[in-house]
Each structure stands twice: as structure tokens, then as C-alpha cells.
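Structures given as C-alpha cells follow.
Note that subunit A is present in both complexes that follow, paired respectively with subunit B and with subunit C.
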Partner chain A sequence: MADEQVKLTLVEKLGRVDRRIIFLLMGVAVLIPLLIHYTTTIPASLIVQDLFDKVESLPPGSKVLISFDYGPATEPENQPMATSITRHCFEKGLRIYMISLWATGPRQATELIDGIITPEFPGKVYGIDWIDLGFKAGGQGLINTLLSDFTAMYTTDVNGRAIAEFPMMAGIKSLRAFDLIYCVGSGQPGNKEWIQFAGDPGRIPVGGGTTAVMAPQLYPYYPKQTVGLLGGLQGAAEYEAALMVKYPKYKTMSRVASEKMGPQVSAHLVIAAFIILGNVTYLVERRRQKKRQ
Partner chain B sequence: MEAQPILTSPFAASLGMWIGGLLTLMILSFLYRDNPFYKFAEHLFVGISAAYWMVVGFWTTLIPNLIARLWPSHMGGILPSATANKPELMYVIPLIFGLLMLARLSPKASWLSRWAMAFVIGFAAGTNFTRYLQSDFVSQIHSSIAPIYSPGMSVMGTIGNVFSNLVIFAGLLGALIYFYFSKEHKGVFGRTARFGIWVLMAAFGATFGYTVMARISLLTGRMDFLIKWIGGIFT
Partner chain C sequence: MKRTIPLLITFAVGLILIIAMFIPHDPFFDMDRNFSIFYDVIAVFAFILGGGNLLRVHLNKVYLKRRDWKYSIVTVTGFFLMLLAGLLKIGVTEGWSGNFQGTGSLFKYLYDCTFQPLSSTMFSLLAFFVASASYRAFRAKTIEASILLVAAFVILVRPTPLGYYLTFWLPDPLKFLTISNLSTWILAVPNMVGQRAIMIGIALGIVSTSLRLILGIERGYLGGE
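Up next is the complex of A and B:
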């Protein structure tokens, strides 16, 4: 009897565990895999592979518009997506046009330029192979205008140079000039708006990556309205995996998304353990209450 | 290469790391309890975000798309590429609308901003209506009515495809019936509605799972930053 009371008290205590203990355990669960560099490789799912195959099918010289519709707040999820698509596009000899619907986007584009394009692809020439057109306000209104007249909104690049100076801008009259629109987004305006205001009315292939929070809202657009989607960090890791299969040299290079999937595994185990614990303590307490009645 | 590195000197990079690291700790301190350090970091973030969006919007949209089109000859020191252009007087209209928007700052003249607001709301409602109708209604119905069996696939592909299409069909039907309230949820109709609830629950569960994954990703990003910051102090 005494043993049973001790056990029940313990269950009660577990049921009322201080939320700060949970935060602490979550922190430890995330920290340890980072310190020991625990990495997981996830094979590409169909929705990610389709996007990869779409990029793979484009002939060299094709035009890919990458829209940086996110900011530092979601950088851990979004930046690996931008990195992977940039590597893939340049491996295929595609031309990259960077724009942003978010004011915080150009900063992320600059991070990509400094961290990936300049060191890894020194042979790629600004204005011929890639261009940074910067941010414009307007959200879906901007996309609407770009669909009919690109130069009405983008008269200069991000540094204020007239776009007529750049050879790769010749022939860009509207969004229909692009072979693929790739939006790296984390909210509104973002992936949804690119599908609604460019992909569907303009019959332009639209794909991209988004934060895990947004992903469930965007999956219904696949496969008819979007060619593929990277859902959160997992989607980014899957794209990295697909890139490694096709281009093995990336096995030895930085794989940011795959490296951050280790903490995902341990943190999810902690959450699952607390969900089970919460349910068990709830059931035990309910049983006790019934006995008392 | 046109774009310049953001943090050009080691001192600037180090200062940036210290500011970022300390502000991260201030925000994380809320997990223990609310405190003045958290409040300071929160207010700083809101203020800087608002100012950043305003400044970037001014220099990347207002200057090249409005001012440079109205007074290109005055852009010499700001946007040299625009000086050769001719003034486009049509852009006086958005200028007037923009100024009307600022009338909100004066209580007596604030009613003038309604003209600009009416234009913005009218434009947004008009464009959004057609696009949402096409992409989120007609196209979604079209996507939902998929043939159960599609020829030309492998055996495993066919099995997976048929199963997937059956789940979509049954799930859609159940969820739609759950929201149909003109008939009492009894018998087969009631059981289908109950299945619809389970489908909705599964959808909410998946959404919650994705949200958890997103939050852990962000925590991982911050932890990674803190490791680099603290590691940099001791190396």
C-alpha cells in the first residue's frame, strides 16, 4: 500500500513537471547532436525529387527566377534551400535571377552570394550567369505587374545599375520569360502568391521551398500547380541528398540541412517521450479519481 | 562581383557576433520567466524591424520606381542610370495617392487617406478574388477529381497511386460531409461525417508535427549560432 502511494505520488509529480525542465531537456536534446556533429541523410521524397528532376531537365542557359521571400528569423530552414538550388542551377549551367518580395530577402541573397556563389563558383560572371535584382514592395501586386511587364518594376539591379547593361536581362519582358520560378518563402507574400499570381495565370512552372509551418498549406497545390516543394528543414535535407546522388562531390562539402537533422531526431524523441508521459499520467490520475468515487 | 560583403572587417564581424549572441540570450531568458532583458530585446527587435522595412522600401521602391521616374535629372548622385530618362508624368497619380495616405497623420485631414485606402483595398480585392477563385477553388476541385487508376505505371506505382487517390477521394468526401449541416448526422451519413472528423484530426496532427519541426529548426539555428559565438571567444 505504501509502495503504491509512493508510485502514485511520483506519477503526480511527473504530470506536473515544471515547463522549464521541459525547455531545458529540449535545449540539451538539440545541443548534444550539434556538438557531436550527428548527421542523418534522408532520401528524397517524391515531391522533392520531382522538383529536382524539373531543374535537372532544364537545358543549359535556361532562366531560373529565385525569390528570397524570407528573413533571418527563418534562416535555418530557408537558407539551405537557397544554397541547394543555387548549386544545382550552376552545375546545370542555368542562369539565376534573384529578386525578393520581402525587404529582408536581399540580405539573405547577399549571404548566399558571399557564402556559396563567390567561393564555390568563381567562374560565374555577374550579369551573365546570375544577377541580383533586389527587393520591391507590393507582394502579390508586384507579381501581378511582373507577369505583364517585368521592366515596369525592375529598372535597375540591387546596386542601382540599369538592367539594360546586363546581357542576361535581354529578352526579359515578363515572368513568362522564365523557365522556372523558385520561391524560397516563409509566409505571405511567398510560395502561395507565386502560384496564384504567376504560375496559374501565366502557365509558368513554379516550385520552391517553405518553412515547415507553411508546408501543409501548400501541399494541395502539388503536383498540378507546383512542380515540387521542399517542406521545412527535412525538405532541404532531402534536396541535398538528391544533389549528392547526382553530383557526388557535394558529399564532402557543407550540407547544412542534413547536419541540422540530427537535433531534429533527438528533439522529436524528447517530445514524443513527454507526450507519452503526459498521456500515461493523465490515465493513471483518471483511474485514481474513479477509484475514489 | 557587385554585391559587397556585409561585415567587411574582423572587428565588425566580432561585434556583430557579440550583439547577436547577447540578444539571443536575452530572448531565451523568457523561457525562465519574463524579465527586463527580454523586454529590451523584444522592443529593440520591433523597432529595428519597422525601421529596416521602411528604409529598404524607400531606397528600393520609392526612389527608383517613383522619384526617379518623375525627376530623373535630379538622380545624379543617387541613381545615375536614371538621369538620361525622360520624366514620366503619369507617376504623379501614385505620388498623389501616396501623399493622401500620409494625411492620416493629421486628424483634420485624415479623411483624405480614405481615397488612397479605397484604391488599395479595391485593387487587392479585385485581383485576389480572381486569383483565389482560379487557384484555390477551381484548380483545387480539378486536382481533387483525379482518376483512381492511371495506366502506364509499374505495379508498385499503380498500387501506391490507387491507394493515394482513394485516400484523397474518401477523405475529401468525409470532410465535406462533416461540414454539411442541412441533414442530421445519422446512419451512413453520420458515420461518413465521423470519418471526416478523423481526416481533419489527421490533418491537424500533421500540421502540428510540421510546426514542431519548424520550431526545432529555428532553435537549432540559434544554438548553432551560440556555439559558434562562444567557441569563437575561446579560440
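Up next is the complex of A and C:
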């Protein structure tokens, strides 16, 4: 009888773990993979592979618009998406046009320029191979304007130089001039707005990446209205994996998403373990309550 | 008159935009383009409105010494510090012609050293709360809760080694039951069905609200009674 009393208390205790212990275990779960540099490679799923194949199918010189619609809060998830697509586009000889619907976007573009474009692709010339057009307010209204008249809103680049000075801007009258719109987003305005206000009415291929929280909301647009989607850090890691398969040189280069997947995987395992623990204790308690009744 | 003119403007603009959607030719196409530009210009002023509103709320809170008023001082100070650092281009090596976010600028320093780490930290906290909330909320109390629990578990373990080891041994005829295939199915079928239903509902709501605005039935945006 006394033994049963102890067991009951233990089950109850396991069913009511103090949240500080959960926080501590979560912190440890995230910290250890970071310290031991645990990296994991996840093969590309169909929705990621489709986007990769779309970029792969574009002939050299094609125009890709990358929209930086996120901020530093979601940088760990979003920045690797921007990095992968930039590497892929330049490997294919595509032209990159950077814009932003978020005021925090241009800083993320600058980070990409300083961290990836300048050191990894020194041969790519500003104004010929890539251009940074900066931020404009308006959200979906801006996309609507760009669809009919791109130069009405973008008369200069991010540094205030007239766009007429740049050879790669010749012939850009509207969003229809682009072969692919790639939105890296984490909210509104973002991927959904690009699909609804540019992709659909302009019949322009739209793809991109978004945070894991937002990704399920974008599934209804795949595969007809969006060519593919990177969902969260995992999506970014999958794109990196696809890039490595096609361009093996990236096996030895920095793969931010794959490196960050380590902490994410262990965090998921901790959450899964707590879900199992919570349910086991709940079921045991319920069974005992029934017995008592 | 104060209410009739805005109602007429709303009616005319709404009608023209609808016509432009179905007849994308001049003069409607040109009107649509111009209205979009007007919208973008107005959106810029929303930033000023937002700044003004932020100041009004927080200064009022400080003045009346409401609960947590000290945090409002931090908000207002941060607002002005960033605003002045950007407007006056403090620390920009090229002077007035340089980029306010350029190397060496105070704005860049503040952004990189305060805004960026604070934003990342706030978002990272989600992981801790998700862990705690999942432990407490995902309990198989009913059939519906059990379905949600299983779906969440499958999605959660999919990228982990556990997700692989749980089902890798399944024979070929049952391969569709692997965690990887199940998670793809959950996202692509039940999730998509639910999302589509929500989206269609929202779209119908937007259509009806827009019609109410265009026809002048909904007048809440005009303010007053």
C-alpha cells in the first residue's frame, strides 16, 4: 500500500514537471549540438526539390527577383534561404535583383552581400550581375504597382544611384520581366502577397522560403501558384543538400542551415520526449482514478 | 458633406479597381496604376502616423505613471535614439551623402548591437515556451486531441533520427507509413484542406466587407458615431 502511494506520487510528479526544468533541458539540448558542431544533412523533399529544379532550369542571364521580407528576429531561419538561392543563382549565371517590402529587409540583404556575394563571388559585378534596390513601403500595394510599372517606384538603387545607370535594369518595365520571384519571408507582406498580387495576375513563377510557423499556410498554393517552398530551417537545410548534390564544392563550404539543424533536431527530441512523458503520466493517472472510482 | 464626399470617393475608386481587374486596358489600367502609386505614397505617411501614435501612447503612460511606465521611457528613448542616428547620419564616414546604415554609422551600430540580438532573443524564447506548452497541452484527452497529438508528433520527429528509426524497418508495402511520408501527407492533405477552407472563408469575408465599404453600408472607417 505504501509502495503504491510512492509510485502514485512519482507519476504525479512526472505529470507536473516544473517549467523551469523544461526550460533548462531545452537550453542544454540546444547548447550541446552547438558546442560539438553537430551537423545533419536532410535530403530535399519534393516541394524543395521543385524549387531547386525551377532555378536549375533557368537559362544563364535569367532575372531572379529576391525579396527580403523578414527581419533579424527570424534571421536564423531565413538567412540560410537567401544564402542558398544566391549561391545557386550565381552558379547558374543568373542575375539577382534584391528588394524588400520590410524596413528591416535591406540590412539582411547587406548581410548577404558582405557575407556571401563579396567573398564567394568576387567576379560578380554590381549593376551587371546583381543589384540592391532597397526597401519601399506599401506591401501588397507596392507589388501591385510593380506589376504594372516597376520604374514608377524604383527610380534609384539602395545607394541613390539612378537605375538607368545599370545595364541589368534595361528592359525592366514591370514584374513580368522577371523569370522567377523568390520571396524570403516571415509574415505579412511576404510570400502570400507575392503569390496573390504578382504571381497569379502576372503569371510569373513565384517561389521562396518562410519560417516553419508560416509554412503550413502556404501549402495550398503549391504546386500551381508557387513552384516550391522552403519551410523553416529544415527547408533551408534541404535546399543546401540539393545544392551539394548538384555542386559538390559546397560540401566543404559553410552550410549554415545544416549546421543549425543540430540544435533544432535535439530541441524537437526534447519536446517529443516531454509530449510522451506528459501523455504516459496522464494515462496512468486516469487509469488509477478509474480504478478508485 | 463631410461623410458624403469620402463615401463617393470610396465608391468610385472601388468600382474602378474592380473594373480594372476584369478589363485591364486603358483608361482603367492607367487608373489602377495611379491608384496603386497613391496607395504606396499614403503607406509612407503611415510610418509617421505610427511613430506619432507610439509617442502618444507611451508618453501618456509615463505622464500618468501607469503600470510599467518605466519601460515606456526605454521605448521612447530607443525610438528617438534610432531616429536621430538615422536622420543625422551620425558616424557615417561619407557624411551627408553616405548611407545611414553604412559602415561606422551609429544607426548600424545600434541596429547590430541592440535591435538584432534583442529581436533574435525574443523569437528564440518561443522554443522554450513551445516545449512547456506542448508538454501541458498535447494530452490525449479526447479523440480529436489524440489526432492532433499524433499529427504534431509526426511533424515534430520527422527531421530527427528518432523519426527515421521509428519506421525505417517497415516493409515495402507499408513504406507509406514511414514518418517522412506521413509528415508529407499531413502537410499536403489534411493541413492543406483546412488551410484552404480558412482561406476561402477569409476571401468571402473580404469580398463582403469590400462590397459593404464600396456601397457605403459599412461606415466605421469614417469615424464618429
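Quick note on the criterion: the second predicted complex is superposed on the first by the 293 of 293 C-alpha atoms of A that agree within 3 Å, B and C clash if a C-alpha of one lies under 4 Å from a C-alpha of the other, contacts with A are read in each partner's own complex, and residues count from 1 in each chain.
Note that in this section a residue touches a chain if its C-beta (ideal position, glycine included) is under 8 Å from a C-beta of that chain, and two chains touch if they have at least 3 such contacts.
Computed from a predicted structure; not experimentally measured.
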After lining up the shared chain so the two structures overlap, which partner does A:159 touch, if you call subunit B first and subunit C second: first, second, both or neither?
both
Of the two partner chains, subunit B (first) and subunit C (second), which one does A:31 touch, if any: first, second, both, or neither?
first
According to the stated criteria, A:145 is in contact with first (subunit B), second (subunit C), both, or neither; which is it?
second
Go through the superposed model and pick first if A:113 touches only subunit B, second if only subunit C, both, or neither.
first
Which superposed partner A:39 touches (first subunit B, second subunit C, both, neither):
neither
Please indicate which partner A:195 is in contact with in the superposed arrangement: first for subunit B, second for subunit C, both, or neither.
first
Looking at the overlay, does A:283 come into contact with subunit B only (first), subunit C only (second), both, or neither?
second
A:274 in the overlay: touching subunit B, subunit C, both, or neither? Say first, second, both or neither.
second
Which partner does A:225 contact after superposing on A: first (subunit B), second (subunit C), both, neither?
first
Using the superposition described at the top, list the residues of subunit A that contact subunit B and also contact subunit C.
23, 26-27, 30, 73-76, 106-107, 110, 136-138, 141, 144, 153, 158-159, 215-216, 220, 234, 264, 267-268, 271
Which stretch or stretches of subunit C touch subunit A in the complex?
29, 32-33, 36-37, 39-40, 43-44, 46-47, 99, 101, 111, 115-117, 119-120, 122-123, 127-128, 130-132, 134-136, 138-141, 149, 152-153, 156-157, 159-162, 184, 187-188, 191-192, 195-196, 199
Would you pull the subunit A residues touching subunit B in the complex into a rising list?
20, 23, 26-27, 30-31, 34-35, 73-77, 103-104, 106-107, 109-111, 113-114, 118, 126, 132, 134-138, 140-141, 144, 153, 155-162, 165, 195-197, 200-201, 211-213, 215-216, 220-221, 224-225, 231-234, 260, 263-264, 267-268, 271
Subunit A partner, complex, touching residues on subunit B are 1-3, 5-6, 31-32, 52-53, 56-57, 60-61, 64-65, 68, 78-82, 123-124, 127-128, 131-132, 134-136, 139-140, 142-143, 203, 206-207, 210-214, 216-224, 227
Touching residues (chain side subunit A, partner subunit C) in the complex:
17, 19, 22-23, 25-27, 30, 40, 42, 45-46, 71-76, 106-107, 110, 136-139, 141-142, 144-145, 148-149, 152-153, 158-159, 215-217, 219-220, 234, 261, 264-265, 267-272, 274-275, 277-279, 282-283
